[in-house]
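Structure record follows, encoded as structure tokens.
By letter and in written order, the chains are A, B, C, D and E; residue numbering begins at 1 in each of them.
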Amino acid sequence: MTLQTTALSEDDTAIIARLKRPSFAGIDRVQRRRQFWIAMLFLAPAVILTTFVLLAPILFNVWLSFTKWKKFTGLDQFAGLANYTNLLNNPQFGEASTNAVIWVTASLVLPVGLGLIFALSLRGLPFENTLKTIIFLPRVIAPTSIGVIWFYVYAPKGLLNAGIEAVSGAPVDIGWLYQDNTIMASIVVTYLWQNVGLVMVLLLLGLAAIPKDPIEAARMDGATPWQVFVHIVLPLLLPTLLVVSMLSIIAGFGAFDLLWVMGLGYPGRRTLSLSVYMYFEGFSKGSWAYAAAIAVVLGAITLVVTWAQAWLQVRADGLKG
Amino acid sequence: MATVTLSDIYKVYGGHVGVRGLSLDVPDGAFVVLVGPSGCGKSTTLRMIAGLETISHGELRIGGVLANDLPSRDRRTAMVFQSYALYPHMTVRKNLAFSLRMAGMTKAQIDARVDEAARILELEPYMDRKPANLSGGQRQRVAMGRAIVREPEVFLFDEPLSNLDAKLRSQMRLEIKRLQHRLKVTTIYVTHDQIEAMTLADIVVVMKDGRIAQQGTPFEIFTSPANQFVAGFIGSPPMNFIAGQIQNGQFVAPGLTMSLPQGRFVALHDGSAVTLGVRPEDIVPEGHGVRPVNGVEFHAEIDLTEMLGNETLLFLRYQDTALTARMQQPRAVEDKEEMSFRLNVDRVHLFDAQTGATLASSPATLSHALA
Amino acid sequence: MATVTLSDIYKVYGGHVGVRGLSLDVPDGAFVVLVGPSGCGKSTTLRMIAGLETISHGELRIGGVLANDLPSRDRRTAMVFQSYALYPHMTVRKNLAFSLRMAGMTKAQIDARVDEAARILELEPYMDRKPANLSGGQRQRVAMGRAIVREPEVFLFDEPLSNLDAKLRSQMRLEIKRLQHRLKVTTIYVTHDQIEAMTLADIVVVMKDGRIAQQGTPFEIFTSPANQFVAGFIGSPPMNFIAGQIQNGQFVAPGLTMSLPQGRFVALHDGSAVTLGVRPEDIVPEGHGVRPVNGVEFHAEIDLTEMLGNETLLFLRYQDTALTARMQQPRAVEDKEEMSFRLNVDRVHLFDAQTGATLASSPATLSHALA
Amino acid sequence: LGAMSAITAIADEVILTHDKAFYSTFLQAVGDVCGFKEQAYTPPEQFKAFVQSSIASGQTPEMFTWWSGATFRDEMVATGQIAQLDDLWAELIANGSFTAASADPFTVDGHKYALPLAFNKWVMFYNPTLFAKAGITGEPKTWDEMMADADTLKAAGITPFVATNQDGWRGFIWFEEIMIRLSPEKYLGLFDGTTSYSDPVVHQAFQMWSDMYAKGYFSDPRSNQEVVDFAGGGGAMNLMGDWAVGLLTQAGMEVGKTLDAFVVPNVSADTPAGMIYEASPLMISVEAAKNPAVMDAMRCWASDEGATVWANTSGLFMGNLNAPAPNAIVPKINKFSIDNNAALYSRWWEGVPADLQGDSVAAFASFMLNPTMEQADKVIAQVTGLHDAYWAEHK
Amino acid sequence: MAAKFIDDQTGEVLPFVPKDLMPLLSRRSWAILILAGICAVLWLVPFWYLGISVFKTTEEYTFSGPLGLPSSLRPLWGNMIEAWTAADMGSAFLNSAIYGVVGAGLAVFFAAMAAYALTRLHFRGRGFWFMLIFLGTIFPFQMFLIPLFFGYSKLGIINTQAGMILLYVAIAIPFPTLVLKNHMAQMSIEMDEAARIDGAGEFRVFWSIILPNCAGSLVALFLLQFTWIWNDLLFSMVLGNRPEIRSVMNALQVFQGNYTSTGPNVALTASLLASVPPVLAFVFLRRHFMEGLKV
């Protein structure tokens, strides 16, 4: 049954073209302009503050990374890519990068993995809220304080060694935070202890947002609890997992306080991660321009991660249609 | 295909009882509709049958087998949810195939069944779309498809049409009916819409407050309501109720005295308070439609009218009682117009004013009178 | 109170036109209902009148004053939204008082008006509740209260009833009608439900694709649809359409030949393709209801029936065309039963098969025939 | 915002900016007498960055402390923002309160740019009670005697030396001490690149250090409580600057009874007597020098009165000969210095190019944590690489 | 458990005990609960360590071993006083409170304004403006550090409360903007349209309609940002080092300083003291905290 007559169906583009003719143009432009300025008024404080306090410094930092600004001798002499070539030639940068990658991988995989396990097993358990509170609690405490507490936990005569001694009966003297082979793992454990609560809560929120119906439908469709998890829950949780992963990666690259405080007595402290290395080069050594270049590398990495996440997110949303 | 038997089923939530001692026999292949106002326990009952809620007390048998503690996946029931509950991350094809994959069927078997279901439901063009890219009606069909591919012994529907607009709703209603006539699978269908109940059911179960208020064929429910609640719930616009008394075997209300048909009602004491029920189509405007043979005449002022095209509803006020009458021919009626009506005495219902129970002498009498 | 005049109104969204040259005169105090399928531009039109959307082209006058660039708050219109759009953080009283506070009224004035509105809408018991603690119907009433306290010159309603269930919907429909009869404020009401349109409107405006398909009283729209679209859209179940041809001044379709009533239709060339329209109530089962004087008889097999209590819908298949008939008395009909029907020739509609336009000689003829 | 106006109010006063938060009260005691207000700014990295950037933006702090050595010369005086104090020094030397030599650490190209905040020597503190317990009488006069004492202590179950890597920067302390005991010339050569770290003397120093570790002479380098360890009897000797007396007495040690000090003897007798010194410069900006209030505060600082308050409160010696000895140890060391005509050598930290401090000291620290010759060779190779590269570029 | 079950609506006594009312935990749930309990205990071990350490004197701490229990509760008071005076925590607490309250308060308010514009007003380039605001948090803080330090020095606002507040406000804006944008996008647009028809201007709609309906998120975000600011060390170390303006976390750094004679017990006590406000806020307003994490 076609009803459309040719007279009734003037093409949209034709109508728009007709309306755009001078005699018609701009009937609602006045209102649009007014709306724009009202919007600007509301945006102004946030935009001005973030632009001047956050974005301008980032640009300045990029510029700085191309100068010889070091100890006020070479002030703003252009250095081209010198800082970046120095980066590549400096074994410490390589070491710091490698460590950063290890650190970020560990601080992504472990908290997300454990967080997922916690989130799944705590749901609906008695005392759920108490348990959640306990696991989340370290997160509200400053990383510096956390660092101090764990510094003493890991100390040679600290709680951990004492605990192992008490269990094994043999004297233990491990300098957890002084040895190349233990320090990273030790800090990762602390980081995990502090951050898994956050990941868990984010995942719980993600789980809570999954509609109950498809899960019940799957149960009726004959799926075992494990199959329900694999085929329904996990795919629907994927977008949340992606967000959490991105946040974890960015947080991982940016992590400073914990590494700085806990690495206090470790000779390799400055290359524990890129963020620490940057702080060391800039604030301890005064190689500002070089440090700025490290910061730019860090920024580039996070941009890529964010971009990749956005890309994956679109694909994950694509899963839904 | 299987019978479903509920005996004295209770569901208790915290301090509060959702379903109270419900007993119901669903014969093999029957289409049973649970209908009732919101919160009366329809969904809870259905979900207990599906195994999505535990049963607090009582016995549930599916195909004769005690199913109280059977996990959902072993009950051979399939359910269509109000929200459709499609798997948002899977294509239509995968949605349909999911249960078969879980059952460990081969690819060929799965494809055969899925294609068959898609054909029946005319879903072929959409097989590779995700649910988000389907219209409401299409999603609804996918949900049904997912239920039928499993070839379950019992279909469960929980308000499957309530998210569709009026047009689509009546269309899908027909499709569901056709489907069930074709597959002949035992079906339990929950709705709060009495029209769906009337049109779809072999057996209508009207529920109230976790209990069954009446069960029977749509025709029985409509013509011989067991109580005032059912009488008021089924039928649209709802039955008119007039409060009155029995005096000398007659029904007496302000401005209305009416002899009651012989034998239709149980013996009634003088002075007992009763409620008279009369459907809008049994208040006939003089000069329109079939004039009731045995009628009581009265005049009333029209308060408001609703012209529905093929018929007009007249809202009138007679002696402080608001009444609705149905006029079969469309005719413009002015507000405040004074009209005469004839109330069809042969079709009135009478209820105990206290308990609301019907005072009909036998449930069947009225339906015979009407047939 | 005010007239509302739209002249050649357009709304352009990006590359796409939502409303195309709509012109409409709403007389002072009239109840106008815009009805049409989803996406036809009803809400857009209403929102342009409310000042919530800019007008791309054309003139809008409210009470004679050009209103295109007037901000919402200066238009003296009040709107009831589909979602009610109550302020969730305010009590009912504060919700009602908000617009009056904005207008800078004194406390005493505000209280007087709010109390009056609460009385009219029977909201007194809920004045201190928040919207979250109200039922759907109560919320709906608060939304209306918020509109009436302002004593606006125009009421705008955008599908105010579509979030309510069937029962509540028909009840609130009546309340809105009563309210408007009492306040006599110019009202523009948007719905996609043709029953609401028919029952509420003084003037029904049927829209399609951003244009007006027909406007007129409910009776005109029902009895003399200007085109096949309106004919199919208004009425439930919808009008039956049979494709055929004109041969020797008769309508001919497979298995059906019918002389057309004299003078009802424009002169028709032999061989022109037409569509015959006939409403379900005009296909009368033999032996049920009023037998049409001037009818064409045919036999058909019943495919499915829907028993609605006071009437039964029969879905039949005649020569590959699916038809719906309405049977006034409830009677159980078996599937596959063979029945005879009479098609009421005096009430048929005829449409051009290409354009869908009515072929009635004058729009009024049919309505006269029906009255 | 009230607190902010408080800040502007004190802006009129003379402010002494420093990074030595643990001296705050002592500094303020002098400030009360001399009319300035101390202001601590920690940690040192931040303080350094703050001062550097202030200078860069032309807002040099009016009165502030720094470190002596290469950084004083290259990062402060070279900016031209630091006021010359030649006249003030002339006064101070003329009235006999300071020796001319005490200006040496603050002299660049013949001009004097700072007053001493403190002028300290690095000595070996020891715990006489523990010595007595192990049966040791008297202080060691030779390196061998010191090693013998260490043996004795060890045998008595007492750890001979407290040496930690607390805060990550202590790694050079024993290195520099052993170096000057072996060869002062080679040690000084490290500062200008004339001695390479691949020099056999450096290797020998590490060998000796490693041997001492092997014999168990040192306490756990991972301890983070150097002062508490030493004060609590966790070791019999500790190599520290003489400024530590205050800290150690605060922590419960008592000069003469449980605390005394000697200068570490040389390895071979023909090496001239010498000591590591540490001088903290106190300087003012060119701009501030025009402010009489600032000049008065500086003059007062070095005056007998200022020096007396400083000595009494902090237990530190700034070089003013008229000030009372802050404790019994300072005169003892001064006496040794005069008696033996001891040479003074800059600390390694101040001596080496600032660029190399962090990396090198981390290398030393890694040796302390793993004091084998294997590790020493690694450290030597690493540090040699760093320094050779630096000097190749800066010569 | 009561043998009878009474319906709270009808008062009827049911003739049975509902089988599923208090479902006994399945064996698996028990196992998970026990594991979770063990985890929770492990999680608390560092706190326990903190808890016993603050009751020890320095000597006790050094020589009693980490597992030893404190001999008396009295040293806590001394430790607290020492920590409090050594780090000048009085003014540090006040500073942190000012930064936290003013910084988080303004930031959340400004973020709400921006989110309002981004979700409720029609204008072009909303995506651009949002990215402009949000870009700031995508980059690691290391990227602002040096430029801010020099910029602040140049402007003379380094080591001023105004400078600290400026930074904290700015840095605390993007995240709440994201959260509030998502939150406001979910709120019915018809609500503000109703208010506009009711005669409210833009700011009115924002203030009287939108803000009250975001109250939960606003509180949550305020708490989150407050905690973040309170816990920040990096920026406070770089931009606010003078004793009068330094924050609690920065003040704690005195215990990291060279040659301090204060033992770990005092440093730990100080850490504990500094953590009290956010921990209290968290424990009492836990629900709000978690609410704010809904991105």
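Just so it is clear, contacts are C-beta pairs under 8 Å (C-beta built on N, C-alpha and C of every residue); 3 or more make two chains touch, one makes a residue touch a chain.
Only a predicted model underlies this, so the values are computations on that prediction, with no experimental measurement involved.
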Which is the least count of steps on a path of touching chains running from subunit A to subunit D? 1
Provide the labels of all chains in contact with subunit A and in contact with subunit B. C, E
For this structure, which two chains share the highest number of contact pairs? A-E
At the largest C-alpha centroid distance from subunit B we find chain D
When the centre of a chain is set as the mean of its C-alpha atoms, what distance in Å lies between subunit A and subunit C? 54
Mean-CA-position distance for subunit D and subunit B (Å): 94
How big is the gap, in whole Å, between where the Cα atoms of subunit A centre and where those of subunit E centre? 17
Please list all residues of subunit C that touch 2 or more other chains. none
Give me the residues of subunit E that touch two or more other chains. 150, 238, 256, 264
Considering subunit D alone, which of its residues make contact with at least two other chains? 46, 49, 56, 167, 224
Pairwise chain contacts under the document criterion: A-B, A-C, A-D, A-E, B-C, B-E, C-E, D-E
In their complex, what parts of subunit E are in touch with subunit A? 25, 29, 32-33, 35-37, 39-40, 43-47, 49-50, 53, 65-67, 110-111, 113-114, 116-118, 121-124, 129, 132-133, 135-148, 150-151, 166-167, 169-171, 173-174, 177, 202, 206, 227, 230-234, 238, 249, 252, 255-256, 264, 267-268, 271-272, 274-275, 278-279, 281-283, 286, 289-290, 293-295
Footprint of subunit D on subunit E - complex, ascending: 58-59, 62-63, 91, 94-95, 98, 149-150, 153-154, 156, 158-162, 237-238, 241-245, 253-254, 256-261, 263-264
Can you check the complex and tell me which residues of subunit D touch subunit E? 1, 3-4, 6-7, 21-22, 39-44, 46-47, 49-50, 53-54, 56-57, 59, 167, 224-229, 231-232, 244, 247, 250-251
Tell me, which parts of subunit C touch subunit A in their complex? 10, 12, 15-17, 20, 54-57, 68-69, 208-209, 211, 227-229, 232, 241, 275, 354-357
Using the touch rule from the top, collect the residues of subunit C that touch subunit B in their complex. 38, 165-167, 170, 173-174, 177-178, 181, 192-193, 195, 198-199, 218-219, 222-223, 234-238, 279-281, 304, 306-310, 315, 326, 328, 330-332, 335, 370-371
